[in-house]
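The first chain written gets the first letter, and so on, giving A, B, C and D; residue counts start at 1 in each chain.
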Amino acid sequence: MSLKVDGDLARSFGLTDDEYGKVLAIMGRTPSLTELGIFSVMWSEHCSYKSSRMHLRTLPTKAPWVIHGPGENAGVIDIGDGLAAVFKMESHNHPSFIEPYQGAATGVGGILRDVFTMGARPVANLNALRFGSPKNADTRRVVDGVVRGIGGYGNCIGVPTVGGEVNFHPSFNGNPLVNAMTVGIAQKDRIFLSAAAGVGNPVVYVGSKTGRDGIHGATMSSAEFDEESSSKRPTVQVGDPFTEKLLVEACLELMATDAVISIQDMGAAGLTSSAVEMASKGEVGIDLDLDHVPQREANMLAYEMMLSESQERMLMVLRPDRTEVARKIFEKWELDFAIVGHLTDSGRITVRHNGRVEADIPLGPLADEAPVYDRPTVYEEPPALLTAPSDPAGIEGALRTLIASPDLASRAWIWNQYDSSVGGQTLKHPGAADAAIIRVEGTKRGLAMTTDCTPRYGQADPYVGGLQAVVEAWRNLTATGAKPLAMTDNLNFGSPENPRIMGQFVRVIKGLGDAGRALDFPIVSGNVSLYNETRSDTGLTTAIQPSPVIGGVGVLDDIATAVGMAMPEQGELLLIGETWGELGQSLWLREVCGREEGAPPRVDLAAEKRNGDFIREHIQKGVVAACHDVSDGGLLVAVAEMAMVSGVGCRLEANPSGVSPHAYWFGEDQARYVVATTQADHLLKAAEDAGVPVRRLGQIGGEQIHIPVGMQLDVKELRELNSAFFPDLMGEG
Amino acid sequence: MKVGIVVFPGTNRERDMVQALTLATGRAPKLVWHQEESVTGLDLVVLPGGFSFGDYLRSGAMAAHSPIMTAVRRFAEQGGYVLGVCNGFQILTEAQLLPGALLRNAGMRFLSQDCHLKVEGKENIFTHGWAKGDVFRAPLAHGDGNYTAAPEMLDRLEGEGRVAFRYCRDDGYIQHDDAQINLNGSARSIAGVLSENRRVCGMMPHPENLTDPALGGTDGMPLFKGIVESLST
Amino acid sequence: MKVRVFVSLKEGVLDPQGKAVGHALAALGFKGVGEVRIGRVVDLDVAAKTADEARKEGEAMAKALLANEVIEDFHVEVVA
Amino acid sequence: MKVRVFVSLKEGVLDPQGKAVGHALAALGFKGVGEVRIGRVVDLDVAAKTADEARKEGEAMAKALLANEVIEDFHVEVVA
């Protein structure tokens, strides 16, 4: 194949004219096709973070317990007992629309590799999903494939999927969000990094063979490619969880020896980005000989091998005297193992194939001169506070509507397809608590994990959307009794070239940062997914609601102290936190009144911290029997959720004067928790002493939820209403 | 009591099984790699859950033909005790150490939830820890758990008391055609079966995942305690 | 030589997948879809010199692994 | 009429299943097993009067449900 390398081809590879000019200046000549491919993927938004980098720098990333913050394959925090939690979240949005099963499956595979690359055994997966409107004809296909794909990969590899979240909104029609998170556990002093070291050391390729999978989209649009062959060429990668399982076991076995100097998974832009990153971080050169790369297909070009995104592959630098030890381990696991190059002192990446040098690029400029953009921003005025709308439905009517609505309906249909118990350490399965909890094997400790984001808040006011995502994650961890330690983020937005969207991005980051700082809750890893937009037939582009998804991780010193949402048979319900009855952007307003309006609920970081610290302290003291934070749907929905989990009802007291009933029961004011306790007086007094707003909500017991004026609903009926949505959507009702 | 847990490439519930057996026996079982050729010296061989060889082709098919299974077959023929859970059950049917086969779940979806089982088997070490008719809770997690066998074989299994466990409601009620009770659509709600000599048992649900009091219950413990008690007397 | 092994569920064995596909097709508006049965086709190379040898090899593979004769039938075609 | 739809992975698309089966056959001592590819056959009835109509119906079903054209090819045979 001979493609003429010029500005046109560069453009079709996604490089701007300016960027191509830089390439020419760095190379001092016209680059080869392979070189152009390497530049284009390394300088892509995905690999270079060119639109987001300068803003991400402002995020809080440090705390005494942070071992590795952003910049490594995953974040690493100290969880005590000489152990570390290693975690990250990553998006696979676009592939999951094209081929939902494989897109979601390979998303899970990718994030797992980011975690075990660092020497951690993956112990839990979570997934944050956003789908288009349930009324959209295509939504069923996407939901079906995505859920099957996540389950298909995670179940097979034997990592329990323990949590996540799901939203539906028309802005995700044609552009679903699939954000997958993996949490692993490693020995704190056995963390593996990617920086290569030791000139002359072998560069080793392990895992699956390389095929022509997922070579960047630019290739497809290039007219010079033979029509027929390109139509056969898959853009979709197919995941092989069985091979990944072998890869996990083989890598962990190898990492228990002293053979590994550095290791990096092959994710986006495969061999290119892994080789470039390892060498640049280690400030060495790297020589690759592609003749040794295990290949699945015949006659692959250097360009194709360098850009292939075949799954389940890793690159590592080994101690030369240990390569045979390593080879034996990979042979035992029946995985490919090949020495494909060595480190040099040239400061360059040199790629040979069939005896020819196909690429020879100085690594310094490839990294340092990667474009960074300070893109123009436009900040939109956030909407004003909503003036309280009147109540068209009544309390019981609204609760019935809300509890059956897509964003509040039971997710059991989803989590029942995910193996949440494999590994034998799961304490709180999906639906049982505000955060999932797994025991740290061999200890009394637990890890609590959650993912959270409320895109409709971010759409209305990006700054508040950023704040709220963080505080909700922090609250969900807190509500189990865990101490929140750190978070990972997955920032999903539309096109950064649109100043309005760039404005959203900047404001969201400010919100994340302010909340993280106030709560001592640093961001240790993350991922940015931009250009989440769809173009309609009329040429109109719609961007998704800005979705800064937060994955929070916390620790419990003793899992025996953890609480879930299930209420005891008797006792009292208390409400912690202040209620104004803010209905702006609430689900009540959307689902009951059909309006998406107003300002989202205010976030008061000091109140969050005060109320949360109080809750955690009293959970750990054993005074709290069950706890659930108040978020989507408001107070009555939170109580209903607790009742449905436990199969026990309650008699609630009427709303206080000063707040109208519907605003009280359905407002989404933040910093609140519903607590079930058998020691209400003690807890009330303690709250008052601590200056924490507290209120008696009612008595636990019976088979109904009862409110003096307005409502009496069987918990059983609630459960039925709550569980219909997914089976109906999927035609399995 | 010496227990060996066979590990195939793709097995993923061996750690769960180690944990349960360690709690039950007080000592850690031995892990046996699928390429080993003998299981001598063991009192019990366990084939745990997972996706051996990816469960590609048919669940358990490739594992059933790996070298260790020749040894397991010999062990069983000589009267050794073998327990297969989930993928282990699939492997035992593929290896024809147990009758029948496990098809895709009737609803065509992977199922991961708690189920209830009624104890039916007689005179065997696997149900020894319960009384006949007892009902217990167990998590299940599988895509291919829909038990099938020829009608004559089903009659025979029932007649000989070789149905070890059946899916039921929490009150013990059994209804073959109710997808809320017989979750995966198994013939006659069969969740576990025994070999002719009652020394080989296969079951789909995971009692090993409910054995630790710190993690939500011990409903599955009688399986292991019953085995220990039977084999140490 | 190239051999193709067809594996299908025995008559009388319930085919959950076929049943689900039948339902789904009907829901999509396809009429008169009767029983749907789903089988597997395995394409592979065998080290055989004659078609006859190839067929025998394919049959041996089917018996050894590709089909579960408790529930499945198979037949082998020599493709090339 | 009876129609048979063959569905197979597109060329170049990884077939994890085929790969694992190839390994297993080799381990069982079958020699010279090259690349193994695994496909599906769907046998079904269609409400069509002519072979041509039947083929069209089969193709429509394949496109709508039986094959995932992003990664799979299919072809339809009219059996009877």
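The criterion applied here is as follows: contacts are C-beta pairs under 8 Å (C-beta built on N, C-alpha and C of every residue); 3 or more make two chains touch, one makes a residue touch a chain.
Computed from a predicted model, the values in this text were never measured in an experiment.
Interface comparison, B-D versus B-C: the higher count of C-beta contacts falls to B-C. Spacing of subunit A relative to subunit C, judged by their CA centroids, is 41 angstrom.
With centres taken as mean Cα positions, subunit D sits 34 Å from subunit B. Measuring from the averaged C-alpha position of subunit C to that of subunit D gives a distance of 10 Å. Inter-chain centre distance (subunit B to subunit C, centres taken as mean C-alpha positions): 29 Å.
Within subunit B, contacts with two or more other chains are made by residues 53-54, 56-57, 62, 65.
Multi-chain contact residues of subunit C (touching two or more other chains): 40, 64-66.
Listed for subunit A are residues 240, 242-243, 334, each touching two or more other chains. Every pair of chains meeting the touch criterion is listed here: A-B, A-D, B-C, B-D, C-D.
Residues of subunit D that touch subunit B in their complex: 16-17, 20-21, 24, 27-28, 38. Listed in rising order, the residues of subunit D touching subunit C in the complex are 6, 8, 18, 21-22, 24-25, 28, 30-47, 57, 60-61, 64-66.
Every residue of subunit C that touches subunit B in the complex is listed here, in rising order: 13-17, 20, 40, 64-66, 68, 70-71.
Taken together, the subunit B residues at the contact with subunit A in this complex read 9-10, 12-13, 15-16, 19-20, 49-51, 53-56, 107, 109-113, 139, 141, 143, 206, 208-209, 212, 214-216. Interface residues of subunit B facing subunit D in the complex, by the touch rule stated above, are 53-54, 56-57, 62, 65-66.
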